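Take a look at the structures listed below.
Two complexes are shown next, each including chain A; its partner changes from chain B in the first to chain C in the second.
Up next is the complex of A and B:
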């Protein structure tokens, strides 16, 4: 059954790491991205995260996702804030359009930080199979109900997407007008959402009974199908990463 | 077993059926956007599921639905959606309490619920959009924000203006859809969930 996730199965060092180690990595990168406030340092940080993505052999999918999400934001930031930022001196001008230095600086900082955040998050998301991530979190005392909700959602979304397409086509075959005036479209929306949602909610009762029959509500230690191993590399990294982060952060404050 | 009052309220909402409903609520949130696109409406419609859960079960389960929606978005296609989890959760809490206090009893009241949700949404998401994203989120509303920013408003005002235009329409329509869905559920099913 296709489940919705961005996981890319590859053989790499990063893929083999414990999910919590990767979460620690993301937290450390975020901390540094907040502490660093000059473009030069942030660019270095971004390059570092990209190197990790390369080592994890997921650089290309990561770049694809980053260009889909952050690139557009960065574009708007540079153009709009560059032009609209009040006051300050002009950095350069393209004909009648004057780009302010202050606006470009803000755009640069925010864009770099967003790229870094997404790159770090993708290092975790592209290399971790969601059930492993949930099993690892449950070991760290995450409620199994939360883990059920996340994993179950990832499974039913593709199913509901298929149903939604089927309903759309069925309604169109019955003459549903999805063009036309605004009011027509709103009515069309009701005709689509209604069957989809009602059908899904009716299935919820059956799901609830199914999971109750599997002792879902029992407060007892569970055995997982997936055993998530902690290797010596993990143990080293879990200590090394925060220490290095702390060191780099302090360094930045000392070398003002 | 001393739980805090909030935790106890949350636990009271959460029967197994409620928990089983959450993924469906999230999926409805997720698909709302695709459905809006299929019909060509320039709206988000990403809180219909949260609102349905809010009316059927209660505010805190709806909050969980909202929060987890953004986490799942983040885990799958848009890591940039994660900071807005609390906004979606707050919408769930607002609509849940209003539903409990009888605000889904007539169509005009439902419109008010939509407006309230829009206000909560705007107030909470504007600071995140400005401080974390500099004003732009990579969605269709960016063009509107750009227009306001380039015509002399500061970025916060631009974002607030954009939200003030788009959010009420989006939330009112979502509330109406949620109400229609809940009314068309078999009565047996509604009582099964809790608030009914």
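Up next is the complex of A and C:
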């Protein structure tokens, strides 16, 4: 089973930043994505987040993850919103299916925001060693309970992936066909869901016992194996990012 | 001698279960004693371990009767995390022992020490010592999830030992280990004797347990069927009724005595005891 993290070890400036600096970055991007409401500005913002991913040398894994998740959601949105819109201009039609312009516009805005947010969040997830994040959050006075929740949340997707892989391998070993026609694949998917959900619930219970046995939360304070350094770059960014965000937010009123 | 553990008429029924998993158990364990618990599957060994570490009744709901005192704490009012400061618990499935916080074996050991709020230097010193003791120091940078079942078991034990509990409760700690790994674990437990730590261990490998434990407790259908020194308990004619495999050494001795009455002198249950009997017979 692989390690339970999506962390990609690389040498980059972004990797070396304090985890809280990266959290501030995610918050700033999120704020801008909410404030901006024109496709042009959102596209520029998306390009900017991709540049940061490139600088962090994790653009390729980030695109791979987004193409499997956000891209599918976006396509779904375009179809549903395009068809469900009650009236207005028809942008294009596929046989009896009429896609309405207003619905597509809404789908476009939501999808862009989704891409931007996931790109920013992946900057944090892919470049931050999870134990550093936990240490950094607790160093900034976040309670150990809360930092543990953050860490567990970060592990949900890799944990599910690891579990799914293990279950699939076991089912294939028992002779269940998971390849071939669409129908057999769908059947295999259903066979996967049950053990995945049950296994995850059991997993949560076992982990709760495991951390109790290690005296988690008995003291109000924890110490850490790692010391997370705050560099001068971090100090500058922690002030500069919110200021820049505020400045860029005003673009909203200039670009229509 | 001070008591490390005291159970008085303890019974526990899991919520929804018709019969108690553990019934009418009374026992007193002295500080520094090494107790081996044996019994067939489903006899209540794990539940007994849960009782000693507060997971029953704080984690598994159900009806608890009687008194469980561990050190000077009453487990009905102190939860597992608080108890973990003095009572170490090693679960039967090493995979379930992993905190999920440690990305490497070293971090997994460090997790418990971070919770104890120890200084960083102390965390490093203790982690290195226990990882070397179980021969996992070379693998300290590896993910706990990538280790073999046996290595995970050793890591689980190391993570608990690093916290330096006064009492250690191990539930089938060698279930995934080969004979070499088993010897390694029991060797490590043996070395703890000088530290005065009290050890309670459930184990199916009866030969290993017979030479390790000061006293054996036989659990059968949730009840304490017998309790005493290994030689008294494991040479008992009732051993088959308890569904326990007799130690290899007593089976050999039984053959050698060929039907002579075992009640006159109990059967040897360790290699040493068998050797003593043989040299006595030769003289």
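To be clear about the criterion, the second predicted complex is superposed on the first by the 171 of 256 C-alpha atoms of A that agree within 3 Å, B and C clash if a C-alpha of one lies under 4 Å from a C-alpha of the other, contacts with A are read in each partner's own complex, and residues count from 1 in each chain.
Convention: a contact is a pair of C-beta atoms (placed from the backbone, for glycine too) under 8 Å apart; a residue touches a chain by one contact, two chains touch by 3 or more.
Predicted, not measured: the structure shown is a model, and the values here were computed from it.
Once the two complexes are aligned on chain A, which partner has more residues of chain A within touching range, chain B or chain C?
Result: the larger residue contact count on chain A belongs to B.
With the two complexes superposed on chain A, say which partner A:114 touches: chain B (first), chain C (second), both, or neither.
Once the two structures are laid over each other on A, A:114 reaches chain B alone.
One more residue to check, A:212. First (chain B), second (chain C), both or neither?
Touch status of A:212: both partners.
Taking the superposition on A as described, I'd like to know which of chain B and chain C A:5 touches: first, second, both or neither.
In the superposed model, A:5 contacts both chain B and chain C.
Tell me the contact category for A:129 with respect to chain B and chain C: first, second, both or neither.
After superposition on chain A, A:129 lies in contact with chain C alone.
Touch check for A:222: first (chain B), second (chain C), both, or neither?
A:222: touches chain C, not chain B.
A:152 in the overlay: touching chain B, chain C, both, or neither? Say first, second, both or neither.
both
So, does A:196 touch the first partner chain B, the second partner chain C, both, or neither?
A:196 contacts chain B only, not chain C.
Is A:246 touching anything from chain B or chain C once the two structures are fitted on A? First, second, both or neither.
Touch partners of A:246: none, neither chain B nor chain C.
For chain A, which residues belong to both interfaces, chain B and chain C?
Shared contact residues on chain A: 4-5, 130, 148, 152, 207-208, 211-212, 216-217.
Spell out the residues on chain A that touch chain B in their complex, using ranges where they run on.
The touching residues are 4-6, 65, 69-70, 72-73, 76-77, 79-81, 83-84, 86, 106-107, 110-111, 114, 117-118, 121-122, 125, 130, 145-146, 148-150, 152-154, 156-157, 160-161, 164, 168, 178-179, 182, 185-186, 188-190, 192-194, 196-198, 200-205, 207-208, 211-212, 216-217.
Inside the complex, what are the residues of chain B that reach chain A?
On the chain B side, the touching residues are 14-17, 19-24, 26-28, 30-32, 34-36, 38-41, 48, 52, 56, 64, 68, 71-72, 74-80, 82, 132-138, 142, 145-146, 149-150, 152, 154-155, 173, 177, 180-181, 184-186, 189, 192.
Once bound in the complex, which stretches of chain A touch chain C?
So the residues of chain A touching chain C come out as 1-5, 7, 129-131, 134, 148, 151-152, 155, 159, 162, 206-219, 221-225, 227.
Which stretch or stretches of chain C touch chain A in the complex?
53, 55, 59, 79-82, 84-85, 88-89, 91, 93, 95-103, 106-107, 110-120, 123-124, 127, 143, 145-146, 159-160, 163
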